[in-house]
Structure formats: C-alpha cells, structure tokens
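Got some structures for you, see below.
In the two complexes below, chain A is the common chain; its partner is chain B in one and chain C in the other.
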Partner chain A sequence: MKKHATSGKAKGFTLIEMTIALGMTLGIASTIVGILQQQVAFIGLVSRFQFLRDEAPMIDSLLTTIINKADSYRIYGNIGNAKAGSGAVQEDGRALRLRFRNPDGTVSNAIISFENQAGKNRLNFYLQPQGQTSWPTTPSWTISSRPTLVDFSNTSGILLIAMTGPNGEQITYAGNPD
Partner chain B sequence: MKTQSFRQRPGSRGYATITMVTSISLLIVSLMAYTLIGSIRSFDNQARAQVKQDYSQKEDAILGALIHIVPNKAMGAMRQGSASNPSAYTWDTIFSEALAMANAEQAVNPQLLNSLNLGTAISANTGDTEFTSVSQFVNAPAGTYSGGSNRVNGGNWWEYIMLGDARVGPKIPAALQLPHSTYLLDKQYPIISFDKTYVSWYTKGLGLSADTYPLYNLIQYPDVKFGYKRPGEYFVAKRNWWVFSLTFGSHNQERTGIPSVTKDYVLSIYEVPSQIPLSAAALMKVGKFADGTNWENVSLDGSIFADKLTTEGTVALSAGAISAKKNVTVSGQTSVSGRTVSEGFDNIGAREERAASANSGANNSLSDFYDASVGGNVGRVAFIQINPGTDTFINTSDGAASERISPTGWNAYSRAAPKAQMTLEVRSVTSSSDQMPTSIRFSYRNSSNALVTTTYTRGSNWPTDLQTGGSTFPFQTAALENAKRVLIVHMDRLPAFIAGLSSTGGMSRNNSLYIYPRTDSSSVKIPSIPSLTSDMAVSLRGGNSLTAYTSGFSLVSRYRVYIADSLNNVQVPAPANSGISSGTTYYPPLSIFAPEKRFGESLSIQSPIELTGQLSSLKTGSSDTFNPLELLSGSDARVPAGSLNADLTTLRSPAELPPIHMMNWLVTIEEIH
Partner chain C sequence: MRIAKSKRKLVSGSALIEISLSYATLVFVAMVTLRASLNATSNQAWTVKQTMSDAFITRETALATRVPFDDITGSNSLWAVSPGVTTSSVTIGVLPGGQSVTGTLHRTRIPDANNLSSAGGTGTSATNPSGTEAWKLQSILVYTVTDKQYVKSRTVLRIR
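Now for the complex of A and B:
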C-alpha cells in the first residue's frame, strides 16, 4: 500500500475554510455595498437640500438687508402692477415694492420680483433711483435663479416670503421693515 | 483514497483584493469628505448670514437708544452746571451710552461665555459688541471745517465739506447758520439754541423765506408713522440735524471674513412750537364735557395730541390726525377726514396688515401713515413735550452763560416767564388780607433791547382812572363782584403807553408781559393754584382789537386771568410772504399762559364765547385730566355748551405764532440711501 506523503505544512484550504472565507467575503462585500448605497443616498439627500443649505441663507441675508433698509413695502401680483404701484394684494404676491426715503424727503424705490425670464425662474431686483419716475426694463441684478417659486404675503401683519427650491423644498422668511 | 487540496498559485498574493478594498475605501472616504465639506460650507454660509443679521440688529439697538439719549443730552447741555461736567454730554459719551444701553438689554456676561469655552465666539446677541472705542463703529462721514476727528457732522453752514459731499450732500435737509463759537460746540455736543437759524443760502424744503422766518419756518412733516401732523404736510418748525456713519464688522473683519458696511444716518431734533388745535401732556378727553354733555358747535380742523387721549361721543377731525404718546382710546364715532378710526387700530399686526393692504401705491406715496398713532409703537421716532408745568410761571435764571454748554439756557428755552419782554411785579398791596396792588414795578425793552424799569405807586406816580393821566394808564386795579382784587391790563391803552416811553423799543419788541408777585414781602401773597378768593387776579380789558400789536402778544402770569370782554376780535391783513393767502381770516397772534382762566367777570351774565385757535394744557402726568373745553365763567360755573362756539384750527404759518408758545421736540433717525 502506497502512502501519500504528507508535509508538516498545509498546502491548501479545506472546503470548510473556503466556505467560511467566501461567506465572510460576501458579508464584507454586502456591507461595503450597503455603506456605498448609504453614502450615495446621503449625498443625494444633501444635494436635494443644497438650496436650503447653501443658497437660502444667502438669499435670507440679502432680503433681510434690503427690506430692513426700506421704510415701507407693498405686495403685488406681478411686476407690472408693482411698477405701476396699483393693485396691491396681501397674498399670492410675486413682487414686493419697497420704498427708501431719504432725510430730505426724496425717495427711491425698488422691486424684488419673482418672474420667468427666457424660460428660467429668477428672483430679480429692480432699482428706481432717486428722482427717476421710470423703471429699468432689465433687472438691476438677480438675487437668485434657484427658487422655483417665491410667494410674498401679509395676512397677519407680518411680511412672509415663502421660497420653494428646485427639489420642492420650502423655506419661509418672516419680518417687516424697521 | 485520493484527496484534493487547494493550493495557492505561485505569484498570486492578493493584489486584486488590496486594490479593490483600497478603491472602495477611497470612494467611501471621498463621499464622506464631499459631504463634510458641504456641511462645513453650509455652516459657513449660515454663520455669515447670521453675523450680517447680527450686525443689523446691533445697529438697530444702538439707533433705538440714540433716539432717547440725544434729546436728553441736548436738554442737559442747556442746563446750568453742565459746563462743569462737559464730558457727560459729548457725542462720544452719547454713542458710548447708546452702546451700553443696547448691551444692557440682551448682552451675555463675558464670564459666562468664557465658562462655556465661547470666549472667542462672535455673539449674535443684540447687545454683545467687542468695541473698545466709539471710533470703531461711528464717525463723521466727512471732514470738518476745523479738522480733527469727529463723531458727527452738524447740519450747519460751517460743515460745507459734508454739505458738498457726493454721498450725503444731495440727500440732506437745509443747513442752519450759527456763530462759529456755537459751531465748535455743536461739533462736540448736541446743541439746541436760538442761535441756530435758517439762512437764505440753504432753503431746501423750506416753505417760506429764511430771511423773513429764520427761527421757525414751514417745513414738511417727515414720513414717520407718528402723526402729530400728516407726512408731507407743512408745519411750523426748525430742524436741527446731525449726520453720522455707522460701521459694523470692520474691527473683526479678519475673523469673520465679512466685509464691513458703512451706513449714513441723519439724526434730527425738530423744534415744533405747539400748533395743533388741541394738545396736552396729560390725559385729554375730547368730545364731551366732564359731566357727560356732548360738545356742540365745535370744529376741529387739524390734529389732536395728548400724553393719553380719549375720545367720547362724536369727534370728527376735518383734517390732521389723532395721536398720543402712550395710548389712544377712541369712541365709535371718531373720524378723521370722514374716515372712521376704530378701537384696536394699533393692535399688534393690525397696523402692519392695514399698511400692506393700503392700495394706493402711486409713485413715492407708499406711506404707512395712518389717521391715528401711538408714539411708543412707531419705530425710530420720539415726541417730547417741553412742558415745565406750573414752573413756567417762574422766571428762574440759567446762571452765567459760562455755567452751561449751550448758548441758550434751559429755563429761558422751556419756560414762558423768562421769555416775556415786559415784566410787571406787584411790589406792595393794601395788606396781607387785601391784595389790592398799591405799587407795581414795570419793565420794558428800549430801542437797545435793554430793560428799563420804573416803579409806579398809588398816590405818587400811578394815577387811578379818575385821576389825571389815569384814563390812559394801562394798569389799573378793581374789585370784582366776587370781591376778588384784580390788576387790570387795559390792552387798548398799552400800545400808546409803550410808544410814549423813553427810548422805547415799541410794540414789536415789547410783545409779551409777565405779571408776578414779589417774593420777599410778608403782605404780597404768591397766588395758590387753584386761586383762593383772597388771591389777587389779572383782568384783561379793552382787548377787542389787537391791531396795534404788530408782532402779537403773550401774557404770562401765575395769577388767575379774567378775560373781561371781547379779546382779539378784529381781523388784520395777513403779513406779506407769510404763506397765508390774502383775504383769508387772520388775527394778531395771541397766547395766554395762566393756571386758570375765566371768561367774563360778571357773576350773573354769561356772554356767548367764540373761541378760535389752539388750546394747550400745562398739566402733566397721565393722571391729570384735561378737558379742553371745560371753560369757566366769571362765576366759576362751566360755560354752557350752547354758549360756546369753538373753531379750533392749526397754525398755517410762523406768522401766526404768538411771541411765547409751548414747545415740542420730534426726534427721528433716518438712513441716507
């Protein structure tokens, strides 16, 4: 009878060892895939809130600064009415007309308007400098082009500005001129 | 038995696994880093936005404090003794105190912050500031004529660098003229003084010639929500103003990374002579008499103002506005220009909603002004009544000019008695129980504006009516039906008497009279308030026509004043260039400062009373009720509603301002945009 020679060291793995190794590999792989999915989902979530996270504070800061400087405001359904100064509303406003009065009694006006320009939604700022009676046809500058809807209202004595972001997220600012 | 063993292939050392694990790890780390950076950026954005809002709130708190501090400092600088502690009234001190007042409201104790390891954090609390010097956040926007660092540029002609500054120059009101010595004071302190006047060089916003009306002119009421007058309406006033720049964030810009923003503001103190139909520094009730009877035959053509205001019955203002310092309680029949003012008009939210729904947005007319307002609830505005109460009948000195900072003393500014050009002192009376005057000391202004004093004594140089010269002498005595002793001022005799005096200054200069008792006599009594039967009184007679009183007339006295017969009942042409249309009703301006007035002397006859002009009260305090038409006759009975016809109007021009009048201050802070 021929004997198989055996060495002192194992040259391979047993089936059980392989089974365990494969099992562990599968487990680790599943975990990694899970973590990856979680990371991707988290990044997606973060991206969806990018408007609220990055853009909204800056818009808030700008609007607060502008509105605080104003002496009074009126809400209008559209920029046309705001420029004409007629048809003020208390809700469903898309334009906010602001008045800035100087110590000598002279006045300049401004409009913050949410409007669609060339197929793109924009929150624009129009300035009518002191002494002028006509409004510029193009915005003085754009505050943001990220919101898909901006709603101005005052039904409770407080100016509310509700903004909807690209992913349907909403944020509402409240305040009045000083 | 054959067994199979798995062997490691030569050269296979697990590199693929290492690569895979490394790649996956890098991917995960990258994703986490992306998320982390995004979060940090988000926090940074929010922090920046918060810091900007924080600066804005801190600015608001300081401006709100200034509104209250500056007028008090201006008053303080006019008081005797202020020169001994001038640092208390400087602009530096004012801004420091404004900062401290803002801090006092909401600041967090630095020790508490340190205990929380937040000592280096930028606090968002309104009052928490890190300024070590006022110059870090407030400075004059332009250089000054005399150089040096300043907190403010005053609104006067010496500040021509600021007046010509491209940033602020085109948006500021008319500058005032003042002596150079006063200008140097105005640079350091908020100076209110008669030395400041309008000048024809700077007439922006003035309704009348600055040469004709230098002290008070017609200017437009500012567009503030507090309605002593309506925004844009011309009113008689002088506007003292100072411009300053506030800069927040420059001192810690390196830490925040946020560029600092400088804003320019104009702080104004309007000196507003009392000029509306009804005003009081007490609780004023209008619409009904004290016994509940409705007012009749009363027209209110202008604003009404009080510390606290209550309307009862029907109160209809044909123009103007309703305002109070503390609160307004309105009846259901209160209206302004036909618009009903309802209770609750000033509720939180109601006023803002009403303003937002005001659908009258023509260009430049988006005012939030309403027909009624309460001073404490409207932004950066303060309205201060300069009402010394019964002290106004006391001629108290302000001491030497060197004892105060302002060239104008507070008593001379705020009290009626020191303003009178003529004085009459009751030197002696029959006895302590009979206050019939027997000797008076009369002073008038001569052509050099110096006081000339003469003592008139019965039996010597003061003839009675029946004695030679007595029928033209303007001051006589009598006993009324109620046995009250009165000193009679014959208004019809006074102009000729003044004209006949040595080196007289004429009636244009001698336009006011202060009658008072001597205080160092055991027999001459200081009259009580209310007047006792034994107290002397003053009676005005012969005043039907005051046409000879070319600059009007004012009477000031602590004594009860009887208006014996018609007073100021003859119209005269309105002065040229006064802004009053020729042909319209105009009477010489007249004011009477007395604790008590009686209409008529008789105990039995009550003549009808036609009252035209303005009524103000010296009462102070919210518990002191002023019922403006509660007029009493010579018998101390209330003038019946049917006998009273009141046409209460507002001043149209400084030409209608009597020589002595009550004063108010309107304080505002406006940003230059």
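Now for the complex of A and C:
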C-alpha cells in the first residue's frame, strides 16, 4: 500500500487501495463464515447419525447377549401385561419377557421393556430376583434412552427387534434364544 | 502493512501482498477442513451401512435356523436349489430423514454330496444308510456404499 509522503506528512491511501483492501477483507470474512457454516453442518450431520453409528450396535450387543442366554421368550403389548404374563402378542410388542433356567434347575425371569417414564422413552431391563414372584417397580437398569420406538415381533418364527432412532432412522435386529 | 524500519515509510503495495497471502492461506485451510469433513462423513456412511447389513444378516441366520425342514425343501422354499438362486430386493434399514437403504439378497441351498439322489446328492444306501439329508442354506446380501459394492454372506447347515 503506497503512502504519499511528498512533504514528509502522511496524506493517507488512495481510493483504489482502500477498495482493494476492503474487498479482500470482506472476502476473508466471508471465507471464515463459510468455514464456520461448513463445520456446523458437519457436526450436525455427524450427530444425526450417532444413533445408527454408536448406539444401535451397543443395544444390539446387549440384547443379543441377554436373549441368547434365555430359554424362551414371549412378547407383550406393555410392561403390565408382561409382568402379569397375560395377553401375549405376535407383533406391536413393547415388552419382551424372557425365561432363564439357572444351573441349579430353578428359573429366573426378566423383562425388556420399551416404555415412557417421566416423559422420556427408555428401553429398560427388569430382573425378577430368583425365588420371588413379584417384579421390581423400578427397572434394574436402562439399556438405552435414545430410541424413540422399539418394536418386538415374531410373525415369521424369529424374534425381530425394530428400533427407531431420534431422527426417524430404523434398524432391525433378529435373534432367537439358543 | 509493512514499514521499512530504516526509512520509516511504507513499502508500496506491501499490504496487498500480505492480504493476498492471508487469503490464500485461509482458502487452503478451508479446503483442508472440507476434505477432512468429507473423509469423516464417508467413513460414517460406511460404518452405518455395515451396521445395517450386519443387523439384516442376523435375520437370515435366524430364519435359516428356524424354518421347518419341509419348508426348506418344499416347492415354495425361500432358498432355491443350487445352481438356482432366489433373488430379491430388500430394505436393510432407514437413514435419518427417512431414506431407505436397499440391497439385493440372493438365497440358494446346496445339497451335501452324500445326500441320496432324491435329495440332490450322489449318495447311495451304502454310503448313506440312514438317509440323512443335509443342506447348506446360503444367504448373500449385496449392497453398495458410495460407488463400491460389498457382499456379506451367511451359511447355515441343516440336517435331518
């Protein structure tokens, strides 16, 4: 940038210099905004896939481990029916009651239930303590609170677990007790 | 803006060069971050489709294990006798936003060589006196991620 100093006194920059500097400054600013928008979009895209990428495989791993240890299962429309053991269904199930045979010959029961608790969807696990007939009122633990819907069904001889994520994504796992 | 220290006056055009350099650097950084983002999203698409195809193929294994033997060998069998193949288009999952992910499923069943001739084998009453019948049920899922094609298969042995 040329500075006129003919008389030893600064007179400032020319209009062309100022225009070029201003234009390039605006260009730099818009580029920075573009990079920022790109990063925001990227973070949004990554987070939208979080359920399928991170959560669903972990849920599948847990459910497969649990279901494979069971001797048998039944599907119910809700946790109440599952606890009572009445009103089994083949589709549109929200609760899966599992029966485990212990090494000493006794039997334990557990329920995997998709339910809404305090306004929040949760996939919960209830374990009925060995030798007891009553069920705990609160879940033993929560498998996940990310799915917006978990559907248990068995219309073709195999157990299907269809999970819907927070952004409408869907994935279906299948399994059978060993 | 650069000032020559000795003469204490501005060098003509120095600011233009400096701004140009900073602009070029910024564009370079933008390109690098864009490339990194594209790489990350590409890997994510691969991971998600692997998850979906893994989930789908569990259904094939479970189905092949549970379907009644008579249905396996029946005329309406889901697994055509090899070299025949039953091919169908399947939805293996749904992406965020509702876009379906599809693949192509091929099913075939391969008789054991020692099956009796009535069950597709070359065994005889001498080599297979009990008339044991064994079939390998093979399910092959073909799907694409970007421009690459992937194949995942599961084989279940059923014997009676």
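Keep in mind that, in the parts below, the second predicted complex is superposed on the first by the 133 of 178 C-alpha atoms of A that agree within 3 Å, B and C clash if a C-alpha of one lies under 4 Å from a C-alpha of the other, contacts with A are read in each partner's own complex, and residues count from 1 in each chain.
The working rule: contacts are C-beta pairs under 8 Å (C-beta built on N, C-alpha and C of every residue); 3 or more make two chains touch, one makes a residue touch a chain.
Computed from a predicted model, the values in this text were never measured in an experiment.
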In the three-chain superposition, say which chain, chain B or chain C, touches more residues of chain A.
B
Let me test your reading of the model: by the given contact rule, A:Val40 touches which partner, first (chain B), second (chain C), both or neither?
first
A:Leu26 contacts which: chain B (first), chain C (second), both, neither?
neither
Determine, under the contact definition given at the top, whether A:Ala88 touches first (chain B), second (chain C), both, or neither.
first
So, does A:Asp104 touch the first partner chain B, the second partner chain C, both, or neither?
first
Tell me the contact category for A:Leu149 with respect to chain B and chain C: first, second, both or neither.
neither
Check whether A:Asn68 is in contact with chain B, with chain C, with both or with neither, and answer first, second, both or neither.
first
Chain A residues where the chain B and chain C footprints coincide 32, 35, 39, 42, 46, 53, 57, 60, 64, 156-159, 176
Complex contacts: residues of chain B adjacent to chain A
3, 5-8, 24, 27-28, 31-32, 34-35, 38-39, 41-42, 45-46, 48-50, 52-53, 56, 60, 170-173, 204-205, 220, 222-223, 232, 241, 243, 266, 268, 348-353, 355-359, 361-368, 379-380, 670-673
Provide the residue numbers of chain A that touch chain B in the complex, in ascending order.
4, 10-13, 18, 32, 35-36, 39-40, 42-43, 46, 50, 53-54, 57-58, 60-61, 64-65, 68-69, 71-76, 85-88, 90, 97, 99-109, 130, 133, 154-159, 176, 178
Would you pull the chain A residues touching chain C in the complex into a rising list?
1-3, 5, 17, 20-21, 24-25, 27-28, 31-32, 34-35, 38-39, 42, 45-46, 48-49, 51-53, 56-57, 60, 64, 156-160, 165, 167-176
Residue ranges of chain C touching chain A (in the complex, touch as defined)
1, 9-10, 12-16, 19-20, 22-23, 26-27, 29-30, 33-34, 37, 40-41, 44, 47-48, 51-52, 54-56, 58-59, 61-63, 65-67, 93-98
